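Heads up, the next two complexes both have chain A, just with different partners, chain B and then chain C.
For the complex of A and B:
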């Protein structure tokens, strides 16, 4: 069986030996780039304001919270699981942190802990929610869909119970900081998102533990047979998901200057849409974080263009949903594979 | 090779310790005993066959030997040393590798990454270029012609197995379990696998080979162990145990497997199924075929011959580009409902995917197509269904706890009987079967083929696509397909070498001329190994 005489790739050591991802993955990664270019051109034609740096920064900043959720959901989906409860974490984590810090007169819980604790508490709540999801799903073997659907309702209810259904306005300055600060001329939230995505892309693309997430999503038994501790990896993935959702809640709270009782509500649908448009498979094991990021940007641009084009607010949601469906169909045609 | 059994099992002082040894293994699942005091020893460098009917305990023994399940009693040792702790997956992986029937490849990752899964890099970021080069040289070392950058999900069954074997060897494993590796390969691929197994064996790799094909056991194995009903029955050198003795050990009674009672089709029989210049791009072209009522027509060929597509077209799963399928005198429309209505019953290729709804009961699965006859206005009367199903269970010898048991709890052979029972439940005029006995034990094989024969005796025209010579022996004539065309028709009384030669596309000169150009163009890369395959097949039979 020595029939393979075609030059083995060992011989032609390529001059540029840079770190490169698997070729196919890169192809799929770039699938949305043409769409982004087209959207930018359309936007520029519709309104010259579109290309102004103020508008671009505005679009990006509005997408930061969504993009963190998409980052979390994409990692969980690649690992072959599901988390619907992220959108409630966006509300509960900052609400609980703030309520523990502010006085009872401002709808706080009356504990009036040091306001320096607000951010650590917020992130800790995210971690605990992720860990709880992980325990229910992995230890008790419950369906991820039902567990996180239940958690979505429970967490939202907890937030309403804790805050008495009120919006929280008197926020400590530390909570406001991240959503408002400017670093090197750009909003801090954009930097944070960019850095977290870069870390995520690097870990999932070039590190063993990141590749383990793909392996588990692709074929869990095979991953375990290869010595990957599947449950442990997925547990960590759920915790990271909760942490990112709490951070997204923090950014949103800072940007809006309050914790609304419905903060984050309904976002999960857009999160899934962005992830799937970005090529992340609902079946697990497929997709990249770069693709998911492109999905977020596409949705952000569409939203912005619709607003600039003067589409009436009553119609924007219907059109937005329709465009998501069209984008999915296009993705289906371009990748040629059925999505699930 | 001493060939003395007691050396291997008893561990005589002079003999080297066995590569793997299982002592008095007992494993229970609830009330059922899957293994009862089974001892097996495999000597270093030998190819050891493990045979037994479905449910004999082979799979359980494999999972104990690979450390995936822990025996209730008994010990496993490798090269004289006790097996690693159950949690030490790496330790197990270094000592034993298994190529399972179900893939342990991750379809969404590249071949290179699958080869080095969870050890892509010692530390720091993965260097993809380097990983691909390591994969390429590994694949080249073992002569596996697969692009390391390809998605593993795009590989065919043969390539996937080779990748899994290469991965096992690259871990330093010198003991490999092959769990029915040939079940889903065509004849040429099987022969290539055997060539590879022989060279691995020559280089000192120990193998445990599981197969339902006894011929394969004789072809590549040194020693054979038979399990029956969770117990060890015999371990003998292959050369010392005859074919019927082996079958007897497996079934517990003497059975002549290859003796097929002759049958005849009355010459007055009308055509039940006729295909007229049926063509499907990339599968088959211009197929004309007639199956008379009561006739069993076999179709065989390599994996790329288009035989499965042809059968699926007749069964309504695929739509031909041109040509017609007729039952009796009327032309059949496209689609499964039309095929069912016309009286075509189908036993599809993959019973797990297309054949059965695993969580539904045996009764529901078996009566799916006749649900409308089980009660008025779409209502299914449970009592009537159970009655019909019980009759089927008896008629087709389906071994299930009850008709209400879920199909997923059945062994492969019994699940296939349910599929066949369902296909015959409508009393079809035409029965189409695709590899009906793949992955089925000897005893079930007989009852399946017996049911097919009795259906034919009652006037059903049978079209049976199969790679198995044992299946084809029941056919009144066998058509051989090669690259989408029927290249040979063999009447009853052919010998094995004739069929194998025609399947490989190296048939007698007059046949070869018609498809010479295709044969050269497509078969070029396989020419040499196919040649080897046929000669060794010929020598064997």
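For the complex of A and C:
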């Protein structure tokens, strides 16, 4: 309710949904908590190392890139749209930034710009990709699914074209920094993700533009009738999505010490899995970022437990999928709400 | 290109696409032959399909192809690229056939799904040389491939000796759905079991993804801080993530330090050699990209000329073996590279980028 003193019609539209909204949303929010508790118990039983702070930090750090993509995708899904191209942005943005600053001998483009520019370029590429998606979808009215599917292929192709299919190994130290640095005893990437999720939750929960995303995702025409500039808000959402994907790429590049030509490839399935498990609706207008974050943590814990338990390579995918289904069922039983 | 497209209307789209993708890859003007254009000789055109454009190894292979084609005086058609997609490979094979290829060199990464295409090519009497992988079914003239079981074997022997037959080793497996990943994993496990039963192995499935390997290593190191050896089945994808992680844990120390973790890799890319020189990793098995290209073309040419081969040792330090169903496989040698021979100029990893 705060911060909505200006523009009364805008303030009026969301509350109609919000009356039922928060209670339901909070249930969805906490739906995965029982599943997380069970996973933690199972993990502790399998190997005492699981509960050590080093291992927990590892799990969180390994999920940071995924969590940023899920943050981006969750906002876009809540706004009633799609973005499949995020996974290619994870590869292209850092690849282009790095290729522009490293010498040609290390597979760079030979421009050898100052390495201080690498991070700004990387983020700028993300913004531009998001803006381009936004223009195609909103201005030209193309299907978000197909546009971003096309972009997924184009961006990956651009990365392979620019780098000649090579992995980029010789990275400037600025690019490596964020993926490796420790701030106050925790990896910097965990802090970054934590802060960004906190901002996201606050904006979508209590701020006018954030609530507008829910309104647009729930019923675009009603939102417009209520005076929300739907296209402008969603355009910004796409840009934020691209920016977050580029940041995720930067973190991954730093953590893995190279830009692989397939970096991020196939991640989008996990991103959707995490978001949907976390209660974000594919239909738009429903779900919370906290729920999405829980989805990310569930997937991270499952991965970690499977590694610790030493599940054989042939069976790991089957068991991974099965556990996800069980987690969903657990959420269904504990909340008593039908999922959509 | 326009002429060709007009001539082969039925496959116009496919051919144009194939040529366009190939155009991005072939930088050597010598590769732009095409079927019977200009050069005025009656040499039968030989086609090459490259499996992918996103790995250091295959990019090197792609560079060697036109070079060896020129050396052996082969009428090479513009190589196509199937981008790790079996459907594109099938389309490319059809397009190349329509363009008049007399032999096709391919590297089917999905070794099962290529069978019908091989049958189609056999019915048209077009011999096929399969590089790097052995099709599960279907007739090929020759399989040119390094002995991938030897990779696992060599890695196991090296690690076993360095560790003195005891300790813990983590293994980044490739994809078990690929014959090469399977061969390496099986040979490594078998050798460890028989020769070094005192060593504990943690097998980590990675699907050839660096991020998965990094996460597995990080988790395992928290669980077992006394891991002393790493076997990675592909340097191209696992090298940088592994080194980065060890560096952040202060475990990247010279072999003389007792904290040193012994690392054996597979592939033989220049970055691995650099890491060996620095003492960051200890050995790699060099997969011979140059020999792949050379002997793929050699056998393709021989097939067109009607030569035949029988199992047994060859003149280039390799052995042709009969792998069943009358399929012959030339198993090229893949040398183990350590600090002692890393500067050997004959290794392909030392020849590129220079």
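Following the convention adopted for this analysis, the second predicted complex is superposed on the first by the 302 of 340 C-alpha atoms of A that agree within 3 Å, B and C clash if a C-alpha of one lies under 4 Å from a C-alpha of the other, contacts with A are read in each partner's own complex, and residues count from 1 in each chain.
We take it that a residue touches a chain if its C-beta (ideal position, glycine included) is under 8 Å from a C-beta of that chain, and two chains touch if they have at least 3 such contacts.
Just so it is clear, the structure is predicted and the values come from calculations on it, not from any experiment.
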| item | value |
| --- | --- |
| Partner chain in contact with A:256 - chain B first, chain C second, else both or neither | second |
| Partner chain in contact with A:167 - chain B first, chain C second, else both or neither | second |
| Contacts of A:211 with chain B and chain C, given as first, second, both or neither | first |
| Touching partner for A:333 - first (chain B), second (chain C), both, neither | neither |
| Intersection of chain A interface sets (partners chain B, chain C) | none |
| Footprint of chain A on chain C - complex, ascending | 24, 52-56, 58-59, 173, 176, 185, 202-205, 209-211, 214-216, 218-220, 222-223, 236-237, 239-241, 243-245, 247-248, 271, 353 |
| Touching residues on chain B, where the partner in the complex is chain A | 68, 89-90, 93, 102-110, 113, 117-121, 125-129, 132-133, 136-137, 140, 143, 145, 148-149, 151, 192, 195-196, 525, 528-529 |
| Complex interface listing, chain A residues touching chain B | 1-4, 8-10, 14, 17-24, 202, 205-208, 211-212, 214-215, 217-219, 221-228, 281, 285-286 |
| Residues on chain A engaged by chain C in the complex (per definition of touch) | 47, 49, 52, 54-55, 58-59, 61-62, 65, 105, 160-161, 164-167, 169, 176, 180, 252, 255-258, 260-263, 266, 303-304, 307-308, 310, 312-314, 316 |
